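In what follows, subunit A forms one complex with subunit B and a second complex with subunit C.
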Partner chain A sequence: MTKRLKIYTPFISAGIQETATYRVDLIFYLLGDVLACFVSYFIWKAVFISSESEFLHGFTMPQMIVYIFLMFLTSLLIYSDGTYNIGEEIRDGSIAMRMLKPVSYNATFLFQEIGNKLVTNVILIIPLVAGVEVVRTYVTGEIQFNILHFVLYLISCVMAYLINFFFNICFGFIAFIIKYLWGANMMKNCVVGFLSGAIIPLAFLPDTLEKVFLFLPFSSLNYTPVMIYMGMYNSSQTAFYLGLQLFWVLFFWGLSKLLWSGASKRLSVQGG
Partner chain B sequence: MIHVDNLRKEFKKVNKEPGLKGSFKALFKPNYEIVTAVDGISFDVPKGEILGFIGPNGAGKSTVIKMLTGILTPTSGQCIINEQNPTQNRKKYVKEIGVVFGQRTQLWWDLPLRETYAVLKEIYEVEESEYKKRMEFLNEVLELDDFITSPVRTLSLGQRMRADIAASMLHNPKVLFLDEPTIGLDVVVKDNIRKAIEKINAEEQTTVILTTHDLADIELLSKRIVMIDKGNKVFDGKIADLKSKYGQMRELVFILENIKDLEKLEYKSHFKFKDDDLSVTNDGISVKVRFNNSVAPVADMLSYTLSKISVKDISVKDADIEEIIRRLYKQEVDLND
Partner chain C sequence: MKQIKRAFRMHRIFVAQELKRMMEYKGDFIIGIIGFLFVQASNLLFLTLIFSNIPSLMGWDYTQVVFIYGFSLIPKGIDHLFFDNLWSIGHFTVRKGDFDKYLTRPINTLFHVMVEKLQIDALGEFLMGVALVCVTLPKLQVEWSVLRVVLILAVIPFATLIYTGIKIATAAIAFWTKKSGDITYMFYMVNDFAKYPVGIYNRAIQTIITYIIPFAFTAFYPAYFFLTGENPLFNIGMTVVISVVLMSIGILIWNRGIKAYESAGA
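Right, the complex of A and B next:
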């Protein structure tokens, strides 16, 4: 096992160096996200001001603000662009170069991306968590930070990332098999954004819809970690949703293996 | 070592009519066409042989290499290399082969070359002592030291190709697949690459399949060639056989004292050459006469030429492989006789 992992450590370092090379891109990318976060903040502020009651579907305005910033943080931490990368590699044929190496195709992607994320996440997590906590303390009037929630949040984020990664890989293979990547990717991002609670909290939806969405894999992406962080779940709920996350990790991991064997037979590596 | 049996590959090609309307039509009712790139090819390569795999542009060479290396799945037929089927158990299979596609690199774009090799060492599980020995050898032949600390994306074409060749040999593969490893390189780099291939073949008994458009590669490295055209095998044998069988062309080169004398030479009517059997070119100083040796023997050509005109310098060249291949590609000689 350690020997097998050792094979993949070079991919982590390759990923780290890649990110280091393109750090300016990273800054611009972050600025865009911060902007989107503030837009969302002002919209929700307007919604709360225009509403009569203090609670909206169990959320107070301060909680809503914390929710927005946590969503932003979580989306960043679990971000994965496997669909895009796989699509590109299939299109330009460089996927062949991965296939010629005696390593697992998915794993090289995973470890390379973990390398990428190691840089961004380590740099980002401390200032961002501190920022969220400052906002939280300010809007609620007292210190809310809970170390247990925070640790569970990190665990939940790791699983959310793995779900996101394998889901994106699966999606990339399907898009390749049906040969229609770009439109599909756009649509996916919108739908996932909605179903994962990144746009509005799932608690705002009608009860039956909320129940359905909570069982779909997408709520395991952003919603579960954020709710855990905010302490919205009791311990049995937390255990249940972490279990559900684990289930989805395994599900998409298995599915990606299956789809890869289908996709690899259809490759038509062009050029040469 | 390599057994290829009736290998076929068809591609499905979407025919799109031009313009926006065509795009819409292709979206809803795609119009497919089947292109047969490789049409039933069989050959065997014993251990330790360097096989020259040639053919005109679009013949299907790269497609065959892709199937042999397991990145394309054959439509039908099979290949067994090193007792394994490339599309089954990919990880195990690729560990024992080395591949270079001259057209694109297999190295990590952003990694310095030295790190790239360190990565490959881990992936292929090469022993430390073995790795050192190999790097030393490759360094010596391919002169990697000059650019070993540069990221791959900054390398020149020739440097990158040397780096790629070294990468393909690092783990001492049993079979090497080289698809145009000398494309776009200067003579010195070409020499280095040929030397590396020759050495690893001699020292490690590595089996090599080599495609190229530079016939000097083939002449210097391999004894046997397989030629394909339009997806079919058209020749399989020794280069020497090819030469003795189809190499009736000779080249007479001389310098005239007076270029106007050229009009006095009437090879065509005198020897009754057909169109394909003779070509005369001159650059104002020297004259090149290509002719078919079986129609007019060299001695006759020489004595006729010298009897008609006075020359400063004259030489006769043997059939060169390039000329034969040129005629084969243009299908001037029938391979089935």
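Right, the complex of A and C next:
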């Protein structure tokens, strides 16, 4: 097992170097996304000011604000861009180089991305969690940090990342059919953004839709970790949704293996 | 005059070339347009869900907010359609050393970069904007006047150039740093604020989007004038002034950057 993992360490260190090279760009990019976060902050603030009741679908204004910032943090932690990388490799033919190596194709991506994430997540998680907690203490008036929720949140995030990674790999295989992944990827991000509660909490949807969406794999991405962190789930709900996450991890892992064995047989590279 | 004619002729040639390239990948560009429609549809769904809980957003009703949102997509879409190539300068053209090709041609570099590509995907954004404006117009309580219609139409190119100016200025930073795509992204994201009534933000944000990164003039202020007829000198006049100023700054930085540019890559 250690030996098998050892062959992937070069991919991890390549990922680390890749991200470390562009850390300044990363900061600007993040600032751009933080701005988008503030847009939602002000919209929701205006919504609660304009509303007559204190609760909207079970959320108070402070909770909603915490929700927005946690969504941002979670999306960042579990971000995966396998789709795009696979698409690019199919387009420029470098996929052939990766296939020549005696390692698992999907795993090389996973470990390279883990390398990327080691840099970004380790640098970012402490200031961002601290930031979220400061905002939370400020808007609610008392310290809400709960270590158990936080640990469960991290576990949930790891599973969410794996779901995201394998789902993106599966989606990336679309590049075998559609050569233009940018457009398809935009569509995917948009649908996933909605179904995962990143745009609006699923609780704001009509009841039946909410129930259906909670069972779909997308709510396992952002929504489950955020709800756990916020303490919106009781212990049996937490156990249930963590179990559901585990199910989706295994599901997409299996599916990506299946698709890869099918797709690699009919690979046609343009140029290269 | 002769130069302008030449520029237009060249623009036509570039566009024709782009269209040929696109017809090669028909399926792709349909997917791109649908992709942008999806993004806009989800934002619209967000607004609809929000308004199902409240009668108005700090005094703005659903139709008005959708109108402002729709209007914001028009200049954004036009800039996106014609001048999207500026993104690639900051992201990779300079870094990979591909910028040299522009310097070897007998036309202005900035002009060449701007007209080289056509981002047809942006039609999704633009058409959605036009559709939202058209759908909301009859429902708005607006006093119609020729002046309002003329001014709002006339201001669209200027609002577009606010986007373009900011993109030129930030892309040109790459001439010094080799890569500036993420700086462009950071500035560009500020435009998200402009899609909603400025009144919902706090003082600091209002000041930033009005005077520092003045995206509010790409959408909210012109739309506000159209809705209320108030203060055309500020809402429309300032849009024109700011767009001219930003374009000038952009061109200035670009020209200085060209002088500082040293080729990168192999």
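As a convention for this text, the second predicted complex is superposed on the first by the 265 of 272 C-alpha atoms of A that agree within 3 Å, B and C clash if a C-alpha of one lies under 4 Å from a C-alpha of the other, contacts with A are read in each partner's own complex, and residues count from 1 in each chain.
Methods note: a residue touches a chain if its C-beta (ideal position, glycine included) is under 8 Å from a C-beta of that chain, and two chains touch if they have at least 3 such contacts.
The shown structure was predicted, so the numbers you read here are calculated from the model rather than taken from an experiment.
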Requested in this report: Based on the superposed arrangement, let me know which partner A:43 touches: subunit B (first), subunit C (second), both, or neither?
Outcome: second
Query raised in the report: After superposition on the shared chain, which partner residues are touched by A:213: those of subunit B (first), subunit C (second), both, or neither?
Result: neither
Query raised in the report: Hey, is it subunit B or subunit C that touches more of subunit A?
Result: C
Report task. Report for A:9: first if it touches subunit B alone, second if subunit C alone, otherwise both or neither. Result -> first
Query raised in the report: Can A:18 be said to touch subunit B (first), subunit C (second), both, or neither?
Result: first
Report task. Identify the partner contact of A:200: answer first if only subunit B is touched, second if only subunit C is, both if each is, neither if none is. Result -> second
Query raised in the report: When the two structures are overlaid on chain A, which partner does A:28 contact: first (subunit B), second (subunit C), both, or neither?
Result: second
Report task. Identify the partner contact of A:264: answer first if only subunit B is touched, second if only subunit C is, both if each is, neither if none is. Result -> first
Query - Partner chain(s) touched by A:100 [first = subunit B, second = subunit C, both, neither] - result: first
Report summary line: subunit A positions within both the subunit B interface and the subunit C interface are none
Requested in this report: Spell out the residues on subunit A that touch subunit C in their complex, using ranges where they run on.
Outcome: 22, 24-29, 31-33, 35-36, 38-39, 42-43, 45-47, 49-51, 56-57, 178-180, 182-187, 190-191, 193-194, 199-200, 204-205
Query raised in the report: So in the complex, which bits of subunit A are touching subunit B?
Result: 6-7, 9-11, 13-14, 17-18, 21, 93-94, 96-97, 99-104, 264-265, 267-269, 271-272
Query - Interface residues, subunit B side, partner subunit A - complex - result: 11, 62, 65-66, 69-73, 87, 90-92, 94-95, 99, 101, 103-106, 108, 110-111, 115, 118-119, 122-125, 151, 179-180
Requested in this report: Report the residues of subunit C in contact with subunit A in the complex, numbered from low to high.
Outcome: 25, 27-29, 31-36, 38-39, 41-42, 45-46, 49-50, 53-58, 121, 179, 181-183, 185-190, 192-193, 196, 200-202, 205
